[in-house]
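Paired with subunit B in one complex and with subunit C in the other, subunit A is shared by the two complexes that follow.
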Partner chain A sequence: MKKHLFFLVVSALVISNCAALALGALTAEEIIKRRDDNEHFDTAQVEAEMIIINRNRRIIKTMTTYAQGDNGLVIFSNPRDRGTKFLKRGDDLWMFFPDAEDLVKISGHMLNQGIMGSDFSYQDVMESDKLTDLYRFELIGEEEVEGRPCYVLEGIAREEKKVSYYRRKSWIDKERFVGLKEELYARSGRLLKVMYAPKVQKIEGRWYPMTVVMEDKLRKNTRTEFIVKAIEFDPQIPAGAFTLENLK
Partner chain B sequence: MLFLTRLAFKNLARHKNRTLITSIIIAFAIFFYILMDSLVGGMTEMSYSTLINYEIGHLQVADRQYWAEEEKLKLENLFTVDEQMMKSIQSIPGYIGSSPELAFSARLNNGSDELPVIGKGVRLEDFQTVFALADQFVEGSFFTPGEEQAVLGKRLAELMELEVGDYLILVVKDKNETFNTIEAQISGLAHTSNPNVNQNIVYLPLDLAQQTLNVGEQVSKVVIRMEKAHTASRVAAELEKKLSAGGDARLGVYPWNELEAVSFVEAQKIENQVILAIILSIAAIAIINTVILAALERREEIGMMKAMGLRNSEVVYVFVLESTGIGVLGGIIGVLMGVGGVWLMNTYGIDFERLYGMDLASFGMPVIGKVYGVWNPFSFAKVVAFGIIVSFISSVFPAYWAADKDPVQTIYHR
Partner chain C sequence: MQKRSNRFTPVGIMLSLCLSAVMPVTPVWAVEAGGEIEVSFSGALAEDGDFTDDQFADSLDLEFFLPPLGETEISYAFRIGHPLQGLTAGKEASYFTKKLYLRRKFDRFHLTVGRQPVSWSFGSLLNPVDYTLGAVALDEENNSKYTDAVEVYTPLNWNSSLSLVTSFPAGFDLEAEKMKWGVRGRFGVKGYDLTVNYVREAAVLAGAAAELTGLREAGGAVGDVAALLPGILPRQRAGFAFKGDLGEIGFYGAYGHYFGDGVESSNSYLLGADYSYNLNYNTKITMQLEYIGVELNFLEPAYRTALLKLESDDDRLDLLAGAFSYPVDDFSTVSLITLVNLDDGSLFLTPEYQTTLPGNLDLTVNTTVFLGGGGTLLAPGDQLPQVTFCVTLSYPF
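Then we have the complex of A and B:
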């Protein structure tokens, strides 16, 4: 009996150690890094559609996005917003309205507003620093999202770092290293936004979220779907694409 | 000369209808000016008092760098109110009260919609010594210190479909630009004569705001109320010196009459002066027109006077005196009518919203409810003098023109 008990205890210890090893095989930072390797790119051109759903209203906006390092340019092409452009240069964001031929710098409180009435705020797309620099991530478990096994990570903002969300909880696909779900919290602990990636596709050897859904949890019955129609990594971007002159 | 003067007055009495009609035209011009001036004065005075009573107090103490960008409501360049600073503030002449305030931008959320608002963290016992909000509650009352409660304007609450007892959520960004939320129960709804307070501001306990915004014990400004508003500029300079001597050199003291909101009212006042000038010009044209027509009508009479041996200058004298007499008469009637009108406006006021569905706030005047006229004796004197001078000047040229004509031609028409 004693021998049997000893065997049980040893087995339990071995199993728990193995589990820790398996979980510990990758640290939170490494998981984030592998996700970033997948999702982040230096240069890309994206054809996308944004569907803004607010109660019974459904607004569709189409756009072409060019991104290179810290810079980005979005040109809307749906009839209502045709010619409207956003230019991100480092930490600055400008918007150009073709009808008024007016250039507006988006700053301060305006950054907290939704882009073109969507659930994505300007601030959401402006955070360009590496997440691991801004947050202290911890692996807190494993869960399934839409049938896919995921690592669950929790990031708490580092002291004195300027970040919009104090805490973020991320579900990262264990095999494909792509974020499938993310919850964004205020310092008070209130859930502000939830982001899902219901469609993930392998493009040029990397898994990439092709549809991202953002829900503002402080507003009822609203969500925004961002659907990537086509994406090209490392395309040739014309010189001067990210200049204010080009915006006009 | 005396004969000519008597003749002029006799003429006035003889042509009763003409004298009366012309005078009444002048009187109406003067009456409208007096009414408008009283109304504009009333609006300006009300604008000042609604700003002082609900928003800006008499003096504001703030960091100079904060003040330069005050409208941005940044959580930078804040300061802590210490005992020595309070002593300096309390020692100003005519001190009534002071209220530390932490202002911040927030998004008011009712669970389905959001609206940008200004949040103000205030200490209730201090706030009430400076602002008159306590008397303006239409529902509920002020928040209980220590409780997570909020007070807002009735209009804002209606817009967001919120009621007393409901919970509101304020989404804010703290000192580190990190989102935070304040969940507070609405303890009261106020409706003041200040549209900004009614539509844009949410009041919270100061400690709750400080904690949520992660600013420690700091505030954006201290608002001070004094006994005499007109001494504000002088007292501000004195207090600034005192604070600087006490080691708070970065703080500035700003009197109410130098604040942007007040300069906006001043700009409105200039606009109103332009409108008054237009009224006066129209009045002047009416007077000139009447006097010229009267002169033209009386060409024959002038011819007769000249045929009887009067010199040109004597004819002009009689004529101008008559016109001026009409101006004086019009002035007296106008002033009497004006006194009646201003008395009515001063006693009963005008409710533009009820009468014409006009919301003065949408024209930028920080006034809600009835507007009361004010007495302005200087304006009475000014407009009467204007009426008389215009009557005088406008009669000189037609009189010269008529007096210059050949008497034969003016009398004999064929």
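Then we have the complex of A and C:
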């Protein structure tokens, strides 16, 4: 699921671990479909760390995220944000402020804001549709990323869909079917963000990017690293986990 | 504002005893603690040119994160005032319990007993229909929202609920007249957050009207008069609030009706909007603007003039509040908060710069400038300085 931070990253980069038997025969749709088939998890729990870096300064945020279907819950645990929670249900996003134990509905326009000061926006976190539903992909070549051969695909946003980035260019590992790099563009053609997956690991039979780096190309010397510390698929999530009652 | 003592209330003592009894027999207690230490230096420039710059303050906020005992949660957080000056300058340190409560989750409802925050915010800068008036978003650390209370919270579905709160502003007392009551229904309807609530204040300041009149006739200070004001406010209020989106604009509002025995009823109206503008895909400026109108016909004309600088025949206060925020970079933000009295044109402006320094240390610098002609609500004078400034360093841990 791409609705919370981890699944944003996963949804953008993860591809099926099933090796293609006939690589040359795969079309863009087939490649993306394999990725989409893998990135939509029914249920997951992730312990992660987000590091916001600007030159030699950094802020570290730690969090636990729960995902189930279209619902997501993020609970921050680093000292500055300890107890702050985000709940996503459908198109609604709610925030819990631990000091006053207040629950406030976040306005829709805030969804494009960087979440907790990071290079990931709320909208990034909430894009839950399959990429094939949001973009029309085309296979435009093959290149190497960090010595690994990759398919290069270009996706253009479907007209009827509201997405954060008009165009995205993806480098997908031909052997492990995991995204190693992605460039995100505005409609004007301006490069907005670049994502890398410098660490990929096989977990429960799937290749996953355990570290993802998001660089904001509109600002110099700034990037956000997202590091998965632990991940569990199909855990038992208590009933009512994605409710305001649980957020309170 | 109700002044809370810095010692344990009976409810607090009861909870402390419960905690003391529970902790030794609990086999595994992975207790964590965290909080924030803050030091600040502030000053003020009076209208007559006097400058005060010796306001040094320090505080320690600490919270214990205790593991739940089955379906029961325990929360304990407190603030120590002047811990550094208590050690170094002989200034008396103070203690304030922010939270000390037990919360039991039953199948159909949650029961919370003890010192707890009761805040009915819905995203506005000012909230005329909060459980405790004055506990506004402009002052998030306002102690008045931490109250000794019993709350029953009943979820109706994933985004709707009913809350019943009883608190004890004058200390623990089961006499109904000395208890404060509140009910809040919160409903999620088609993307809108709708709330209705009702509050009945405790009759803790009975006789305040007579005392207030006597004080005014004796030429009492405005501050003393203001302290008695809660005693003559309508004891009951009903409120409605909503928040949702109109296209790309966040939209919210509230209506409050204040009534009670022996006072003329009145109303308040709030309408606000928030919006963010994308400068370059990632750098977003955010803006919030709201209007609030408060009818004051329950207040004698003389008090309107003395307290709120209103003309004697003017029974309504009209304010415009605004907030603006611009992220300079990943670590720094510039913001501006303002409040304008639409009736007399007086206002204050509070620009602020906040940055996270290396070492995870937060630096905040702000100043407030009061502007207005003679006799206006927010004009510098006897009650308000011309300019204030504050430099704050804080460290979360």
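What we mean here is this: the second predicted complex is superposed on the first by the 220 of 248 C-alpha atoms of A that agree within 3 Å, B and C clash if a C-alpha of one lies under 4 Å from a C-alpha of the other, contacts with A are read in each partner's own complex, and residues count from 1 in each chain.
Note that a residue touches a chain if its C-beta (ideal position, glycine included) is under 8 Å from a C-beta of that chain, and two chains touch if they have at least 3 such contacts.
Please read all numbers here as calculations on a predicted model, not as lab measurements.
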Original post:
Would subunit B and subunit C fit next to each other on subunit A once aligned, or clash?
Top reply: clash
**OP:** Name the contact category of A:Ala186: first (subunit B only), second (subunit C only), both, or neither.
**Re:** both
Original post:
If you stack the two complexes on chain A, which partner ends up touching A:Asp91: first (subunit B), second (subunit C), both, or neither?
Top reply: second
Original post:
Which partner reaches more residues of subunit A, subunit B or subunit C?
Top reply: C
**OP:** Using the touch definition from the top, say if A:Phe242 reaches subunit B (first), subunit C (second), both or neither.
**Re:** second
Original post:
If you stack the two complexes on chain A, which partner ends up touching A:Gly108: first (subunit B), second (subunit C), both, or neither?
Top reply: both
Original post:
What is the contact status of A:Ala100 with respect to subunit B (first) and subunit C (second): first, second, both, or neither?
Top reply: second
**OP:** Check the residue A:Lys229 against both partner chains and state whether it touches subunit B (first), subunit C (second), both, or neither.
**Re:** neither
**OP:** Check the residue A:Val163 against both partner chains and state whether it touches subunit B (first), subunit C (second), both, or neither.
**Re:** first
**OP:** Identify the partner contact of A:Lys202: answer first if only subunit B is touched, second if only subunit C is, both if each is, neither if none is.
**Re:** neither
Original post:
Superposition on A: which subunit B stretch among 261-269, 315-323 or 405-413 collides with subunit C?
Top reply: 261-269
**OP:** Please identify the positions on subunit A that touch both subunit B and subunit C, taking each partner from its own complex.
**Re:** 108-109, 112, 186, 192, 218-219
Subject >> Contact set on subunit C toward subunit A in their complex >> reply: 34, 65, 110, 116-117, 119, 121-123, 140-141, 145, 153, 155, 157-159, 161, 186, 188, 191, 193, 243-245, 248-250, 274-276, 278, 280-284, 286, 327, 329-331, 356, 358, 360, 396-397
Subject >> Of subunit A, residues touching subunit B in the complex >> reply: 108-109, 112, 157, 160-166, 186-188, 190, 192, 218-221
**OP:** Mind listing the subunit A positions that touch subunit C in their complex?
**Re:** 52-54, 56-57, 59, 79-80, 82, 89, 91-92, 94, 99-102, 104-105, 107-110, 112-114, 117, 119, 121, 186, 192, 216, 218-219, 222, 240, 242-245, 248
Original post:
Where on subunit B is subunit A touching in the complex?
Top reply: 72, 105, 107, 109, 111-114, 116, 169, 171, 173-174, 176-183, 212, 214
